[in-house]
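In what follows, chain A forms one complex with chain B and a second complex with chain C.
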Partner chain A sequence: MNELNWIIAFSVVGLTPMAWLLPGRWQLPTVSVLTAGFMLVASPLSALSLLLTASLSYGLFRLKSLTPAWRVVLSISQSVLVWIIFKSEWPMHQGWQTTVGVPLGLSYYTFRQIHYAIERYKQTLPVHDFADYLTYLFFLPTLLIGPINRFPDFYRDSRRRRWDAVLFSTGLERILYGYAKIVLIGNMLLTNKLAHIIYTLQPNHPSLASYLSLIRFATNAYIQFAGFSDVAIGLSLLIGIRVPENFESPFLASNLNEFWKRYHISLSSWCRDYVFTPLLSLTRQPVLATLGAMLVLGLWHEWSSQYLVWGALQGLGVLIWHRFKRPSGEAKTAQPAWHSNVMHGLGVLITFHYFCLTCLVIQKNNWQAVGQTLTQLFAR
Partner chain B sequence: MTEPTSYLDAGTLFKRLATPAYATASFVETSGQRITYAQLSERIRKASALFGQYGLTEGDRIVVSIADEKETILTFLSLLANGLTAILLDPDTKTSRAESILQMAEPKGVIADGVFFEQVPAAKAYSMALSVKPEQPQKGQLFRKLLGKTASATDTTTYPALLQSLSAGTLPNQIAPETVAYILFTSGTTSDMKGVQITHQGLFSHLQTLSQVYGLTSESRLLNNLLLYHADGIIQGPVLAAYQASVCVRPFAFEINRIGELLDAIYKYRITHFIAVPTMLALIQRFADGYEDSFQTSDFQFIISVSSHLEEPLWRAFSERYGVRIVNVYGLTETVAGGLFSGPSDDSYRIGTVGKPVDMVARIVDETGQEVPDGEAGELLLCGANVMKGYLHNESATTAVLQQSWLHTGDIAIRSTDGFYRITGRLKNIIVSGGVNIHPEEVTEILNTHPDVVESVSFGISDDVFGERLISCVVPKPGSHLSELALTAFCREYLEERKIPTAIFLFDDLPKGLSGKVQLNLIRDRVRQLDNSTTSTSLDYTKLVMEAASQAFKVPVSDLKPTDTSRTIAGWDSMAHLDFVIRLEKALGLEFETAEIMVMNSLQNAESIARQKTSSR
Partner chain C sequence: MYQFLQKYVGSKTAGILTAFWYLLLLFLIFYYYFLPSGQFRYADW
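Coming up: the complex of A and B.
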């Protein structure tokens, strides 16, 4: 939260004026330099880690002695290596994280770099130079709080930037919305008020309390994250860059497949493009590809067994839906409107609860606690 | 009605542009620079003082040949505002041609780049011979202003620097409507030079027509990066913008590898009208995947296609893919710019036609000069205030095309019963390649001067992207070692780059008829055979892709478009994608690589990958 306040303050007071008052060609580079400065002050390790991985992920493609395949493999490996080192449980056991901390925004920029490497390998990127790439990575509004925006989009928008009063005020609005989501709904209602209610319910209605606690965890995670995304989108707009939406009312999805097209869109579409599709083309095994994509989606949050299971459960959910869904080509049988409305509503309820339930494995610290909650919910 | 009821003349227009209302308004914006209307007004008044010093009077001809765009625009408008006749001479013009034009046009002065005076020494003899040195945008102006420093002294012998010391002169109150505003030389042989003379009345009444058809206001922002030494570049660009106090945006010259950047300029500069030649549209259609949303901005109105024939398939495909209307304009240098317009209004818009005449009267006649009934082909004749006064000092050429104020366009047209005109062919021997007119005789004339050439012939063949391509066929002297490469190099010496043949074929003889005339039909067939032997197509990829997509995504083929992606087809989810790929693999009898499957994000993309894959086997 404190971090967010700093990001907002520095973006509004430092980055935004520079992005418009300086001569055209200096505007975005200055935003990057200021971002780097911000990182150096906030966490020198983060600044160095980003600069190092960025330089390698770009520089490896310039090595004439390597074949294209080696370039992409090495480029991805170095990004992933740094990510695993800091994000896995292992350094925690070594007591690392308490001393050095995790680099800020690591998960986001690791995935941006992998995306860049693969697209570069596929030769789909527009002509650009290292400075353009750094501008994309050193962009404070999205650096620390996502979304995992893509280089071609960012680059194109950096070329199209223009002063636009309407866009600017939309940006301010989005920041306000996001902030309200985080502070009012997330912190005040869900974290404080609902926690209090759950606490008072606990002695007499333990099942209900467990249920509410489950709902609270998942919805709070969503509200907070959606709020952060709003702020990131809003701050980017202040600088004139349009960042894609990251959420589209996911809890209104009527199946898990659709849910993952609407929840953390930048991550799920990343997994679709860079895990699912390659795995599918390589193995021709849809089940394997789905599971692989959802495992990576889980591990993105944290390199831990809990997130591994969480990701597997998402994959399982999607596969179950695929198994039982109506084939896309089959003509819809004549059903009264109320019937399809009820079915749709039921789908929304089931999807929401399935997702909340899977979040149990990341909410609880150990498997024992997960078991306990499950018994509380269903045994009585 | 053959001319708009009222239009602004030069005097009124430039007086209006000098009012404080337009002081800070942009006139021309390029990637690095901006010219305001205040700067334009100051420039034309200072130029007025300069022209006064040289004793120039209304209607005096001045040759302009400047590479710098900003200088070209300012100089052209300065001459226009002062009633002087600008002869626009492309800086790319070869020396011999420039010399002939100077000799024939008898100008009173020359404003041109230093190189021009070096290459054409005769130009120095004119009393007003101004060597242009474009002003460099000054760096660090902010600090200069902060420190109160003034600009360093500049060379005052070159133009426009020498204007600095002059005080503003006064513009003529009235310029006679029949005074020639400008002269543009069309392509042609040295013996038959055609300098199209457009009068003030012709120009300004047509500017009124164009503004009305395009719906221009002072809020309009025209994107036009066509060559300034052609009517569609200068007139439908800066001059038209000035007429409505709109903005003309010229970001950079058109290049294939900057197509994306050009399309991004539509949004960045809030473009309302994009003036383009069909070749540009064809290249955008081919090389701008992922830019389909480019024209979907709150400001953009429509594309204006000028200069050459807009093929119906391209017109349809482009409009559909980018969701944008293309207004097709028919006109000649001899009619200022336009004459017939297909669109933008629904009642004049019909794809495949040139629409209907605006502020002009059109007739279609047969060889005897009799008007033909609707639905029958004949030569298109046009009459209106915007028709040229005639060719400069070329009476015979003028009377050949201009009879009783009717302009013979040399184009064959058909009028439908509901009044739409369709161009179906050409009488005149001219080809239009990428929006540039080329007289094949001009090229033949040059080739025939080569010592090792017995005879030659040049003509156009149709081309998907350029509309037409220029081809030359040459008979070398026996025993000579002529090659296509050597002949091309020879052409480069005497012809502008745009007029170099795209292919030169060497033959032992040219087929001739009884009269001794080269039989173009026969030689065309020969060339076509040689040209086609390299390309071969048998598989209908579009059909195969559409069928695979239809089966995989469960959508009827009739509902599918090449531009469809997973976002536009409901059934195109990740699973169906694999199904689609497998079906396509079966149909083609091959297997795609992982990387190939990953980039198949649209149907047309899948098609092009399939094509490449098959051709590489």
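Coming up: the complex of A and C.
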């Protein structure tokens, strides 16, 4: 069994009964303790790393000797430092990560901790204690496969949760749909069947094969990730916690700006709230703020030059759209319905292909392979 | 699925169709996941 199967099995068989059958105040803390136990068995490094960074990010705010600004700076710094150490390109090339390993769910909980530190600094969080914070972080359904849910929402749901049969059945349905996406569409159709077609096309139609390979990679990444998110949302619903949606048909977006409001919503909204808005407030430079947000969005996946370029390309796409979009105040000229439908369809096609093309830089292992594929793609 | 079908057919028919839909998905998932060769088991991306 792979990790996802273990998470599903443990959540359904272990966590869900505890979340409803134990006395009220023991329910969610028990879920957290079982999650910690699960992590200790699966990856002790992951459990220790999460416990250490969580303790520091909470404990630093208890230090009376520090000013609030220092508390938030140190809290964010320690989370980011651990994230960079384990996610950066450098140790990977040294073979360090292969021997020590990478903590599971590191990118997700690092961004949760940064969100917590900033909101705590802004004093927008509800009154809570360390146990509430640990319950938020040690929540297995979202810990390893996202989305990057927010503390106030989780805290509110943890206080209001009541047994609801409809919510429970919706959760089961989401798990089934998520698993169907991963196994049937992602693994069977895109990874196996389409890959076989691409392989047979390669000798005689290399351009078409490269094009299909490009489409396959981007759509497979989306389907797999959307499936994981469905499973996470479904498992959370079994425990009575509502987790925000992470995808809303992104490939139907007619521009890249809209695309990033529908693709990995929890990450893009995190980047908007904690990178774009502060940068815009500080610099009054929308171009800089957009690029900064998209670079962080890229680096969240992996601290490498390829994801840096990928993020920059996403930012560039958003900026190009902003440059040429119709100004919001400008009156629309009378156009027949078919015209706007065609323009919308064109926008959807261009956005989809732009995203797929940018994914080439993360699909290939090195820049030479990217160049080769581009040459093959546009060869006559 | 049930709520969607209920708009077009009665509650009982919607329940039966939903159950069949879930069973079909479960069958396909198990069929492709537990093939002896295991060729569809893991994502490769």
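As a working rule, the second predicted complex is superposed on the first by the 378 of 380 C-alpha atoms of A that agree within 3 Å, B and C clash if a C-alpha of one lies under 4 Å from a C-alpha of the other, contacts with A are read in each partner's own complex, and residues count from 1 in each chain.
Just so we're on the same page, contacts are C-beta pairs under 8 Å (C-beta built on N, C-alpha and C of every residue); 3 or more make two chains touch, one makes a residue touch a chain.
The shown structure was predicted, so the numbers you read here are calculated from the model rather than taken from an experiment.
Chemist: For A:Tyr179, is the partner it touches chain B (first), chain C (second), both, or none of the two (neither)?
Modeler: In the superposition, A:Tyr179 touches chain C alone.
Chemist: Count the residues of chain A touched by chain B and by chain C, then name the partner with the higher count.
Modeler: It is B that touches the greater number of chain A residues.
Chemist: For A:His196, select first, second, both or neither according to whether it touches chain B, chain C, the two together, or no partner.
Modeler: neither
Chemist: Thinking of the overlay built on chain A, is A:His344 touched by chain B (first), by chain C (second), by both, or by neither?
Modeler: A:His344 sits against neither chain B nor chain C.
Chemist: Would you sort A:His205 into first (chain B), second (chain C), both or neither based on which partner it touches?
Modeler: A:His205: touches no partner chain.
Chemist: Considering only the contact definition stated at the top, list the common interface residues of chain A for chain B and chain C.
Modeler: The answer is that chain A has no such residue.
Chemist: Sort out for me which residues of chain C touch chain A in the complex.
Modeler: 1, 22, 25-26, 28-29, 32-33, 39-45
Chemist: What part of chain B is in contact with chain A in the complex they form?
Modeler: 142, 257, 260-261, 264, 267-270, 290, 553-554, 570-571, 573-578, 581, 592-595, 597-599
Chemist: Quick check on the complex: what are the chain A residues that touch chain C?
Modeler: 2, 173, 176-177, 179-180, 182-184, 186-188, 191-192, 217, 220-221, 224
Chemist: Which positions of chain A touch chain B when the two form their complex?
Modeler: Within the complex, chain A touches chain B at residues 23, 121-122, 124, 126-127, 152, 156, 159-162, 257, 272-273, 276-278, 280-282, 284, 286, 289, 322, 328-329.
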